[in-house]
Each structure stands twice: as C-alpha cells, then as structure tokens.
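Here the chain labels run A, B, C, D, E and F in written order, and each chain numbers its own residues starting at 1.
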Amino acid sequence: MAVENSTPPVSPSPSSEHESGVWSQIKAEARRDAEAEPALASYLFSTIIAHTSLSRSLSFHLGNKLCSSTLLSTLLYDLFLNTFSSDPALRAATVADLRAARFRDPACISFSHCLLNYKGFLAIQAHRVAHKLWLQNRKFLAMSLQSRIADVFAVDIHPAARIGNGVLLDHATGVVIGETAVVGNNVSILHHVTLGGSGKVGGDRHPKIGDGVLIGAGATILGPVKIGEGAKIGSGSLVLIDVPPRTTAVGNPARLVGGREKPTVHEECPGESMDHTSFIAEWSDYII
Amino acid sequence: MAVENSTPPVSPSPSSEHESGVWSQIKAEARRDAEAEPALASYLFSTIIAHTSLSRSLSFHLGNKLCSSTLLSTLLYDLFLNTFSSDPALRAATVADLRAARFRDPACISFSHCLLNYKGFLAIQAHRVAHKLWLQNRKFLAMSLQSRIADVFAVDIHPAARIGNGVLLDHATGVVIGETAVVGNNVSILHHVTLGGSGKVGGDRHPKIGDGVLIGAGATILGPVKIGEGAKIGSGSLVLIDVPPRTTAVGNPARLVGGREKPTVHEECPGESMDHTSFIAEWSDYII
Amino acid sequence: MAVENSTPPVSPSPSSEHESGVWSQIKAEARRDAEAEPALASYLFSTIIAHTSLSRSLSFHLGNKLCSSTLLSTLLYDLFLNTFSSDPALRAATVADLRAARFRDPACISFSHCLLNYKGFLAIQAHRVAHKLWLQNRKFLAMSLQSRIADVFAVDIHPAARIGNGVLLDHATGVVIGETAVVGNNVSILHHVTLGGSGKVGGDRHPKIGDGVLIGAGATILGPVKIGEGAKIGSGSLVLIDVPPRTTAVGNPARLVGGREKPTVHEECPGESMDHTSFIAEWSDYII
Amino acid sequence: MAVENSTPPVSPSPSSEHESGVWSQIKAEARRDAEAEPALASYLFSTIIAHTSLSRSLSFHLGNKLCSSTLLSTLLYDLFLNTFSSDPALRAATVADLRAARFRDPACISFSHCLLNYKGFLAIQAHRVAHKLWLQNRKFLAMSLQSRIADVFAVDIHPAARIGNGVLLDHATGVVIGETAVVGNNVSILHHVTLGGSGKVGGDRHPKIGDGVLIGAGATILGPVKIGEGAKIGSGSLVLIDVPPRTTAVGNPARLVGGREKPTVHEECPGESMDHTSFIAEWSDYII
Amino acid sequence: MAVENSTPPVSPSPSSEHESGVWSQIKAEARRDAEAEPALASYLFSTIIAHTSLSRSLSFHLGNKLCSSTLLSTLLYDLFLNTFSSDPALRAATVADLRAARFRDPACISFSHCLLNYKGFLAIQAHRVAHKLWLQNRKFLAMSLQSRIADVFAVDIHPAARIGNGVLLDHATGVVIGETAVVGNNVSILHHVTLGGSGKVGGDRHPKIGDGVLIGAGATILGPVKIGEGAKIGSGSLVLIDVPPRTTAVGNPARLVGGREKPTVHEECPGESMDHTSFIAEWSDYII
Amino acid sequence: MAVENSTPPVSPSPSSEHESGVWSQIKAEARRDAEAEPALASYLFSTIIAHTSLSRSLSFHLGNKLCSSTLLSTLLYDLFLNTFSSDPALRAATVADLRAARFRDPACISFSHCLLNYKGFLAIQAHRVAHKLWLQNRKFLAMSLQSRIADVFAVDIHPAARIGNGVLLDHATGVVIGETAVVGNNVSILHHVTLGGSGKVGGDRHPKIGDGVLIGAGATILGPVKIGEGAKIGSGSLVLIDVPPRTTAVGNPARLVGGREKPTVHEECPGESMDHTSFIAEWSDYII
C-alpha cells in the first residue's frame, strides 16, 4: 500500500477462490479436531462446522465474543454478517490475515486455530467492520465496537485507522493504534506496540507504516512519522522520526543500525520473514 | 494536590452545577446518537437515557461491566449507587475526569462516548469506589473490585492508591498503580504506565505524581520517588529518581532534558496540553 | 530446576500436608471475611467455603472465570477438576504459587485473596492444566485454553512452555511466554514481561529462565538465551544475550551491572527478595 | 380451513400490505411507549424499533426468549429469520394471529403488546417454524424447538400439528396439542386446553378443530374427533365424540346444549365473538 | 375486603413491627440453613443474608428471577426496590402473604423457604408492583411485568386485577386472573384456577372473590359473579353464577352443597382452614 | 410397588447392562442426528456425545436447565453427578423412565429425544435427586431443587413424595404431587394431574397410586386415597375416594365404570397400554 497517497487499504483483487479454499480447509480441520477431542466438538460445531461460510462463522464468533449484557450477541451478529456479506474486499482481507498468521507464526497450527483463538486476528476483523461504519459516518457505533474490542481483546484501534491486508497482530495484547494511523499490507506487529499521536491537537498526528514492516514487541512509534516499506523496528524501541525503507531502527530513542548517514539496508521483507532478533543481536552484543 | 503532605486527593469544592450541566449534555448527546443510530438506541437508553442522574447511569454501566457469574450485577449496582449517591466529592471527581477526557483527547467526540466507552475513565471511577471502601477498612471488598477492574479493563490500581481529580488514563490498557502511589490533580497517564514499588518490603514504596504531570506510554516509574508538578515523563522511560517540577525526563534509564544540572524548564501544564512528542523530538533527532 | 537438561519442571516432593494446611487457612480466611463483609459472603461461599478441597475451589473459580457462551463453565469445571484431582504434582505447584504470592508481594493480604483475585496466579494454574493437555497431545484443547486465558487475564502463555513451581506473575497483565520457553522454580515475573521468540522459524527459540530469577516490569527477553539462576533483569530491559547467574542486566539494550568483564555478583535470591530498584538506583542515578 | 381433506393450513393470499401496515403500526406504538416510559425504551428499541421488518423483530425476540446455555440466541435468530424471510405464507399467518389477539381480546391494548408479551402468540409463531422444519424432515430440530417452547411458554404443540391462520391462544399456559391434531382458521383456544390422543398406538389419533371454533379454558378433547366449524366447547368440558357445526358442547363428559337430537344452533362465529359464558349460563343456572 | 364497593384492597394498618419481626426471623432461618448446607450458603447470602431489609431481599430476588436478556436485572431491581421502599401498604401485604403461606400450607417449613421458593408468593409480589404501575397509568411497563411473571412462574394475573392481603397461591402453576377480577383478603387459591372473563366485550367481566374464600385446584370461575365471603369452591368446579357466603359449590357445572334453596352453611373460614376435601367427601361418596 | 407398606420405591435389581445398552443407543442416535442436522450438532455434542456416561450427560443437562443467576450450573452439575454416580438404583430408575417414554409415547422418536427434550422425564430425574437429599435430611436443598423444577418445567413434586420406576409424565406441564404421595412403578400420568392433599393439617394426606395406573390429563386426586394397581382415572376426573384395582373411574366427581357395586374390571396394564379414551367412549357416548 502506498502510504503517501493514503488511499484506503483495500485488496485490489479479492479472490473468492482463496476464500472458499481457506474455508474448506478450516472446516476440514475443525472436523478432524472435533473427532479427536469430543470435549471441544460442541465448540467446533457451533463456531465453525454448523456454518455455511467463513463470513457466517466469523460473524457468529465475533458476536459471541464481543457481546455484553447491554449489547446483545444477536445485534452484533447481524451487524457483522451484513457487513462481511456485502463487501468482498473485507472478506479478502480476512483471508489474507488468516494466511499471514498461518504462515508467519510458527506457533499457529491451523487456520481454524487462528480463526477461533487468535485475539489479534479477531480484533483486526472487528476493526475492519468498525472502520467501514466509520467511513459511513456511523461514528458512535464504530466507537462502541472499538470499546468492546479494547475490553475483550485489550487491543485498542481507533475506527478511523486504516489497516492493510495480510496484517498479523502477534499475541496482540496491549496494541494501540491511533486515529490517523495507516498500516500497510503484509505488516507484522507484535504485542504492546503503540502507533500513537503527537499530542492534544487534532488532525494528522499518527504514524504511517509502509508495506512489509515488522514492529517488535513493546515498540512505541509516536507522531505522523513514516516507517518506510520493509523497515524493521526493534523490540522496545521508541521511534519519533522517519525510518527509511528496508532499514532497521533500534533502541530508546531509536537509532538506525549502520548509522544515520549510511544505514544498513536489508533485502528481505521483515513483515513476512519475522526475524526479530538476528538483526540486532550484534548491536546488542556489542553493547552488553 | 500537594504530594508532600499526602492528604487524600479530594476536590475542595465539588460543584453540583457542573454535575447537572454535564449530565444534561450527556443525555442530549445520547438522544441525538440514538436518533441517528437505531441499532444502538437500546444500548443508549439502557445505559444513559433511562436514568435520572449521572450516578445512576454510571452505577448501572459499571455494574454490568464488572459483574461476573459469582458477583452479580445487582450487587455491584447497589454498591456503586450507594457510594456515589452519598459522596458529592466522588461525583465531582467523576465530572472532572469526564471533562479531562473530553478536552484533552482529540479522539473523544462527546461526554457520552467517554462515559460509555473509555475503559480508563471507567476504571478510575470504579477505583474511586474501591478506594473509599478501603478507607472504611472494607479491604476484601475493595480488593475484589480491584481484581474485577484488572480482569475487565486490564487496569490494575491498588485500592489504597490515592488518585486526584481530572485524571485521564488514555487508552489505559496495562496501567499498574501500586498501593502507596499518589497521583495529583489534572494528571494524564498513557497506557502501559507503571507506578511500581521498590520491592518486597512494605511501607511507602511507590511514586508520588504531582499535579499536571504527563506520563507517556509505557513509562515505568519505580519506588517512592517524587515527580514534581507539571513534569513530563517521556514514552518508554524508566524513572527511578525524583524529577523536578516542570522538567522533562526521557530514556531508559531516564535523563533530564537539558541535563541534570540545568534541566530545561517549561511553562505549560503538560498534563493538560498533552504534548507527547515535541519536547523530545530534538533529543531523538539528535540521537537517531 | 536445571534449565540445561530441560526436564519438566515438577516439584520433587509434592507435600499434601502443605496442601491441606493452606486449604484450611484459606477457608478460615474466607469465613472471617464473609463474617466481616456480608455483601461478599455469597461470593466467598460459592468460590471457597462450599468446597471440600483446594482443587474443587480452584476448578470452580477457573471454570466460571474462563467460560464463554460457547465454552460452558460445566465443561471447564470438569476438565480442571479431573486434571487437578489426578495429579498431586499439579496441586503441589499450586500451593507453591500461592505461597510465592503470599510471601513475596507486600500487597497480598491473604491466601484467599490470591486464590480469588490474582490474575497472575489464576493464569498460571490454568496454564498448568493446558500444559498437561499439551503433553497428552490434546493440542487443540490446550490452545483453546490458552486463548481463553489470554482473553480473560491478558496473559498469553503457550501451552508447551514449561513453568516451575513457586512462580509469581505480579500484576500479570501483558505477560507473554512463548512455546519453547522454560521458567525455573521460585521465579518472579512482573507485568508486561515478554519471553519471546527469535522469529519465524520453528524449533527452540525462546528464553530459558533459571531458578530464582527476578524479571522487572516491561522487560523483553528474546531468543533462546539463558538467564542464569538468581539473575536480575531490570524493568524495561531488552535482553538478547545470555545473562550469567546472580548478575544483573539493565537497559535497552541490556548491559550487565559492573560491566561485561567483571559483572557485580549478588548473594540474595532476587526471585524471592523482590528488590526491584536498589540494584539499579545507583546506575540510574549515575546517568540521569 | 377444510378439516376433512387436511390440506396444510396456509393462507390463500398472504397480503404483504397487511404485513407492512401492521409493522408500521407496531413501530409507531413502540415509539409512543418508549417516549412515555423511558425505563422500557431500551427494551422497545432492541426488540422492535431497531428492526427493519416484522420478521426481524419477531426472530430477534423469539431467539432471545427461546435460547438456552446450550442453544445460543444467534443460532435460533438465524433459524427464525431464514424461515420467516423465505416464506410469505408464514408471515401472513403471523399478521393474522396478531390481528386475532388485537381484536378478540379486550385486554390486548396494542399490536406491539401482543408481539412482545403474549406467550400464546409467540408459542404459535415458533411452532409455525417448527412445523415447517418437520415438513422438511428436520425432525430433531423441530422437536428441540417444541421442547424449548414447552419449557419457556408452558405450551406444548407437536411440530407435526397443523395450525390455521388467525388463531388465538389466550393466556396459553398449559395448552397441549398433539401430533395429528388440526386446528382451523380463526379458532380461539383458552389456556389449559388439551387436544390429546387416544392412546399408545400411532397414526391419526388427535382432534380436528374446524374454522371459527371457540374452546374454553381447561377443556379436554381426546381422540380423532371432529369439532365442526363454528362450534363452542365450554370451559372444563371433556369431549370424546364429534361435535356438529355451530353447536355447543358443555360438561364432563360433554353434552350438546339443546340435547343430542336437536342441539341448539347459533349463528355467530364463536372463535371471533369470544362469548365464553352466555351460552352456558342458562344451563349452569338450571343446575346449580 | 368489601367486594361490593370495590375499593382497592389495601391493608388498613400496615404494621412495620410485623415486617421487622418477620425479616429477623427470615435472616435467622437463612443463617441456620447456610450453616447446615454450605452448598447453598452462597445462595442464601446473596438472596437474604446480605440484605438489610425484606424489601431489598425481595427486590433482588425478583429482579434476578424475572430478568431476561432484554430486560436487565438491574433495571427490574431498581423498579421493585423503589416501589416497595416507597409504599408501606405494599410491604404489609408482603408480610401478610408470607404469613399466609407459612401458617396455611403444611409443606411450608419456614418464612425464608416461602420467600425464596414459592412461585405463587413471588408472582403475587411482582403483581402488586405491576398493579401499582397500572394505577399510575404506566400500562406498558405493567403489562411487560405481567408477561415476565407469566413466562417465569406460569401465573398470569392482569395488572389491573385487585388482590387483597394474606393471599396464598398454593403451587400456583396455571393460575389465570383477569383484568376486572377482585380477590379479597385471606383468600387461598390452588393451582390451575381461572378467574376468567365472560368474553370479548370489555368492561366489568371477571369474578369478585370475597374475603376468606378457598378455591380448589383446577376450579374455573367465569364472568362478573360474586363468590361470597367464606365460600368454598371445590376442585375442578366450573362456576358461572353467584355463590352465597359460607356455602360450598362443587362440580361441573357447580352445584351448591345442600341444594340451591337451603345450601349448607359452615362456620369456619375456609381460606384459612384450607380444608379441601372433607366438605365434599360425602357428596363424592354419594355419587361414586 | 406395594403401596400399603410404603417402602421406598427402589428398583429391586438395577441392571447396569440396561444402563450401558441405553447409553450406547443414545450416543448412536445423537451422532446420527448431529450428522443430519449440523445446526444442532453443537447442542448434541455438548449435551450427549462429549460425555462418557448417561449420568454425566444427564447431570450436565439438568445443571444447565435448572441453574439460575444465583444457583450456578457448576454447583448443580456437581450435585447431580455426585448423586447419580453413587447410587445405582437411581440410575436404574432413570433407564426405566427412559424406556417408559420411548415405548409408551408414540410421539417419542428416540431415547436421546426423551433425554434432552422431555420435561416430564427431566423433572422426575431432578426430583429423584431431591428426594434422596430429603431422605438425608438436607431439606432446604431438596426444596430449593423442587422450586427450580417448578419454575423451569412447571412440574411441582414435593421432595418427600416417593416415585416408582418406569414412570412417564407425558407433556408434564402443571403436574402437582404432594408431600405424602406415593406413585408406584410403571405408572403413566398426563399433564395437569394433581395428587393433592386434604387440607391444612400435616401428616399423611396425599394419594397412593398403585403400580401400572394410568391417570388422564387434568385429573385431580385429593386426600390419602388408594388408587389400586392397574386402575384407570379418566381425563378431567375428580377423585376423592379409593378406586379398586383394575377398575376405571371417570367424571367430576368420579364414578366407577360399571357401577359402584360391580365395576367393570380390565385385564391390561393401563399405565403401559396408555389407552386414554376407548374405556370411556361408550360412557361418554351414552351421555352426550
């Protein structure tokens, strides 16, 4: 996604083939798990096997996860189902996010595991619906969803924030993404990451994260800075200034690996390779 | 609030006028939103419009948010309502906190939005009740409330901690405030902030935060140190030593901007101006 | 626990005497609190006093805490009760964890308070059951439990991770412990601590924490590094390399106190003494 | 409905005009009541005003009424909505039943009151869905619905029973209608009425009730007898033999008013006129 | 209560002494039962022992019994508590009803048993609140309560019906009492009893039951007839005509014992003596 | 069962073979239904297929059916499971009741249907547990169960009542069975049947029903009368006097078919043949 022109992060060609392929696999996985674990079969049938599409399964699951005594599951189910059903781009994003978790996280054992159990995945899907409502100027409803996501998953994404496809929130607890933030495609973000604002004044005040970026656990990026495509942000870094494409920033405050003038440039796409540590081990080793 | 003599942080002149003015506005906002968004009208009526006072609305909402299968909503509702109804200072603090969120956070679109959806606001209000119970020596009940707040909002405030008026917990997830901590009036605290203890030994062991302080996301302040009024603590800082009034501490471990001997002093009240980044950009720029 | 040979962290001699002693004390505390606080008596009776053993009380409480509309409390209760009842080593670990909270955390006023209200304690107990299921190759059930623990307590421990006895997760919100991590006995871990992986590739990729280690709030330890027994990791540290026994690492990236060549060695067991700050105050003082 | 040829009791010309007219009126009533009674506004919005059609409102309400911890409201909502949405005849029957309650029961103050609060009306609507499932050979699902209706409303209608349009179950508690029973159009049935079988043997064994019949409270009709159109069955009667059209049967066992040879014949349609007592007062007067 | 002039059935001198005496006894019973049965102690504490008055306990219990997913317990609790707290006559009626159950029903072992477990008692108390709302012209709220009582207890009392003090609904399932019915003081009504209307036309159309009347199981009384004070109505009777004071009506249709001209007159108050059978045994014996 | 000496109605030789045979069949039925109806598979897995014994399945289902906000499902599940597990006679009675429903009710399509959906079956099983608690002098717990059964199933059986094996409560709504009632083996009782007391005085005051009796819908039997084995009681009858074995009583008040002096005697066992009507058709025919 081109961060510069800030077009909404939609997938250019949502593939319904991918969707049905992933859904078939999810159902097969769920049937296998239900067979192996009768104690969970009821859970797998109600959340996956009983449904005729990924949208229905996801809407059911989100509705039951995010409901409260004053926001009934039937209301939320309806809202999610209507939104996902009517928007192929949303469904393509869901499939891309499932694939991101499945192929980037070595602890992810199946698509169905991600669909049911990954709070980062679920938080993003619910955010995508909230974002669509925000664009339709249904702001109060969008922000009420945001609040439920923040309560239930401890993930706080402003509904105006634009999130690309194939995004992985790994572990996810404590992620905060502000109103004018933009996150590109194929980005991976670890837990406790903040894409925060510069302060009290409104307007554009949050980071723009390019495609393929990897942001390590606990990193804090503040203000309307640009993190270039394919950049890496080390765990625990505090970033207040632009980071060039395919370079690495580490530390509090963050420094560019290789130095500000001639930073080291890498070839890989860190958002997909998910290499958290090798790139900073030498730096760390040097210092300790 | 004078941190030195550790008087309980109560508002000197709770204004019932403020209270009824804010409540009128909240009801008007809720009616407008209910009109615009029928899907949420039920939620708005049950949480706001059906109630005759801010105390009733807040008690109802907290009771439903914090209840569990073993702590019924009716019990909590009763507890909150009795406490808020009988203590004008508590109600004044609630109003001050609502105004803090409304006027300091550019993403806050209305009082009603804050009342219903801000987990930081709700966590503080529930804490204020737990604190009052603690002072009445009802420790087990106070700590059970603390536990529910920690489960539901991921905000962990010891019931003995004293919190001033007009305090904003922005995003709030992960905030931890220890037993002997004191937080002054008009303080703003971002998410993942820790006001932690110095260790195993009991007694006074947590920070004292002066009036008007701003503490950035992920900052950790440990031990019975004093953060002077109007000071700023940068995001991700680790603070173990006193910070003078109206100065800025940044980094891990934290340094005073301008140097230890002649730190830069600012005029503004950072807890209210909420400028997170400008004060450290030059420092960051220098280093990166 | 010897981290090197990675034997499962079981207590060598689970003492049923300790178990019944602690349980007697918990019931006595609960009866005293129920007497003093009628509003909570119902809660104390249903969670503690009505039960005939610590295993039943804990299983009941975890079942009600972790259930959802699609995972019923009766199912979880059964699962927990069967697992705890059939494994004395699990019960011994529970008792050791209760004692760890009671004697290391100055804010812990009673065993019953810990049993009911400490999300870190509850998260570890549920993890111990998930870990046993994992070893029995019931992976989907184990990971579903992990997911519920992550939702409810904001603590994310992979079910394969091996956790010793007498472990304290203080405040606990935001703790993340990865698949191949090992945590020794008598370790204390503060909130927002990450024992994270080195990246996308599977296999051994998470830290091994020796007995008696203390890890401060917000510390991030990445990759298959060894933290020697009795070491201290300062709050907010980023650790990517082995830390020798009984030394102290602080900062981002972490440095050894005393220097890499001749690090300062302490005698105490920091996991038990819980001294968070004195060891780094001088370092901090030096820098600020 | 012609009982003789036992065609399914569907409305010949379901009028979508009636449907939208009644729905408009229901929404108007609900808005008026919500205005007058803020305490119930939330209830009225969630059950009626937030919905875009009678089918959605009814499906939402039935889903929430009939759900249990093992049959989730979202599942039932989906089932009801799909069934009502796809079958105009069902919707026409619903409208006819609403009109029956509204115009025959002097205690019925509005359509919305009937829709939300009349257990007889709700039981019949849920039965209509169960009946359709039965015809589709989804017998287990149909009987599970029957069971929920029997638990929640104390109305037990076998899903195979065929019920005409414009049927009123007044008060409804205790009504039992067996597998091969047929109830015509515009019938009114009071509480505790049994349309029971002749015994253990299967096959056709329950009553056929003609159009326009009125059956008084506590009447028991057993076996495959025919109650002719426009007949009246007195309260507490036990009927084991056919009753001719437009005659009146009273007593235990039932006798024809006017005598068996020349029973008194009335002109009115008792199912609509709902005259429970005048027709038997003289008989009663005679005997007492 | 004088049925003739139809004044509202309020107790002339509500005794707060009776109220506090009964409440003391209820709490003592509950403490004794909680001691003897730890499994139920939680239930007894939450419903009785934790409360400071009978009104609070009853409001809590009714709120939890009658709530639904769209009518929250906190709303109902508030409604009941406000109504009972502000009306001593209501509280006197509650006490009289408790005493009626305790002293007339040999299966009633304690006041607390009645308070918690008698659906007839609970249905009447909820009706008393609905009736008060009806008199305040809050008809929709009153009828919504009626509907919840009918669903939960299978007791259907129109909120306009006027019920005296000291009334016992024994077993209670299936009782139906119509809009213009009046029930005097010290009346006992068994299950499946109908006080029904004469038909479709509005206006006064339901029975008036004098003080001290006993109505046996399954009796049906229809139309605006008068049942004189101290009369007995046999089980399964169908009554369509006035019954003189202190006489007995039995059968379907009902006859006066002793004959219409010179009916047998008894001295006792059958509503209190609760003699169901001796008075009709000879009649039955004669016939069988 | 010999009613005369009133020994407790236990099965003389509880066959665990029958138990495992029926349980195998129930699981097979549930698997078949889950396959055919994915929407209900979750329900069938959670209630039946996930369990390892009939006792566990039944305890789970009853716990979830009878729980309330103040009586948690886990508590009830534990209570039911402990009781059924420790008493083979209770389990034999359950199996006999399942077979009674399956083979006597032509509308019963499978054992699993009865287990999940028959409120009469479920009410009796819960009563059997309440009765056992009563015999152990745990009266308050027993009566609290009675109350929940009465609320949920509209079936009110005093826990002291003794119920034989192989008993069918068909439809069940409104059945009331008093404290000193005894019901023999292989009895069938339709809905709205009352086995009621003679009045206010305690002691033996309810009917004794012999083996193999059939009691029709709405019949009322009052006082300590004996209904001889194999007798039939017609629908809507009022019985106040002993009925000899294998005779038929009908009417209000009841008469013996064939006359008091030489009543007609039948050979069949009506409790099993379930012939409701043929035996009275001629009588009815004669009269109408």
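What we mean here is this: a residue touches a chain if its C-beta (ideal position, glycine included) is under 8 Å from a C-beta of that chain, and two chains touch if they have at least 3 such contacts.
Chain by chain, the UniProt names read as follows: A, B, C, D, E, F = serine O-acetyltransferase.
Computed from a predicted model, the values in this text were never measured in an experiment.
Participant: Same or different for subunit A and subunit B, where same means more than half of the interface numbers show up on both copies?
Facilitator: Shared-number fraction below one half, so different.
Participant: Suppose chain centres are the mean of their C-alpha atoms. Which chain sits farthest from subunit D?
Facilitator: Here the answer is chain C, farthest from subunit D.
Participant: If you average the Cα atoms per chain, which one ends up farthest from subunit B?
Facilitator: So the chain farthest away from subunit B turns out to be F.
Participant: Centre to centre, by mean C-alpha position, how many angstrom separate subunit D and subunit E?
Facilitator: Those two chain centres are 28 Å apart.
Participant: Using CA atom averages as chain centres, what separation in Å is found between subunit B and subunit E?
Facilitator: That pair's centroid distance is 51 Å.
Participant: Could you check subunit E for residues that touch two or more other chains and list them?
Facilitator: 39, 42-43, 46, 50, 64, 69-70, 72-73, 75, 154, 173-174, 192, 218, 236, 252
Participant: When you draw the chains as points and link the ones that touch, which shape shows up: line, ring, star, complete, or other?
Facilitator: Shape = complete; every chain linked to every other.
Participant: For a test of understanding, state which residues of subunit F touch subunit D in their complex under the given definition.
Facilitator: Residues of subunit F touching subunit D: 33, 36-37, 39-40, 42-43, 46-47, 61, 64-65, 67, 73, 104-107, 109, 113, 116-119, 152-154, 171, 173-174, 190-192, 216-218, 234-236, 250-252, 272-278, 280-281, 283-285, 287-288.
Participant: Report the residues of subunit F in contact with subunit C in the complex, numbered from low to high.
Facilitator: Of all residues in subunit F, those touching subunit C are 42, 46, 50, 60, 63-64, 70, 72-75, 77-78.
Participant: Which of the residues in subunit A end up touching subunit F in this complex?
Facilitator: These residues of subunit A touch subunit F: 34, 38-39, 41-46, 49-50.
Participant: Spell out the part of subunit E that touches subunit D in their complex, as residue ranges.
Facilitator: Where subunit E meets subunit D, its residues are 68-71, 75, 79, 138-141, 143-144, 146-147, 150-151, 154, 156, 158, 173-174, 176, 178-179, 192, 194, 196-202, 205, 218, 220, 222-223, 236, 238, 240-241, 249, 252-256, 260.
Participant: Subunit C touches which residues of subunit D in the complex?
Facilitator: The touching residues are 69-70, 72.
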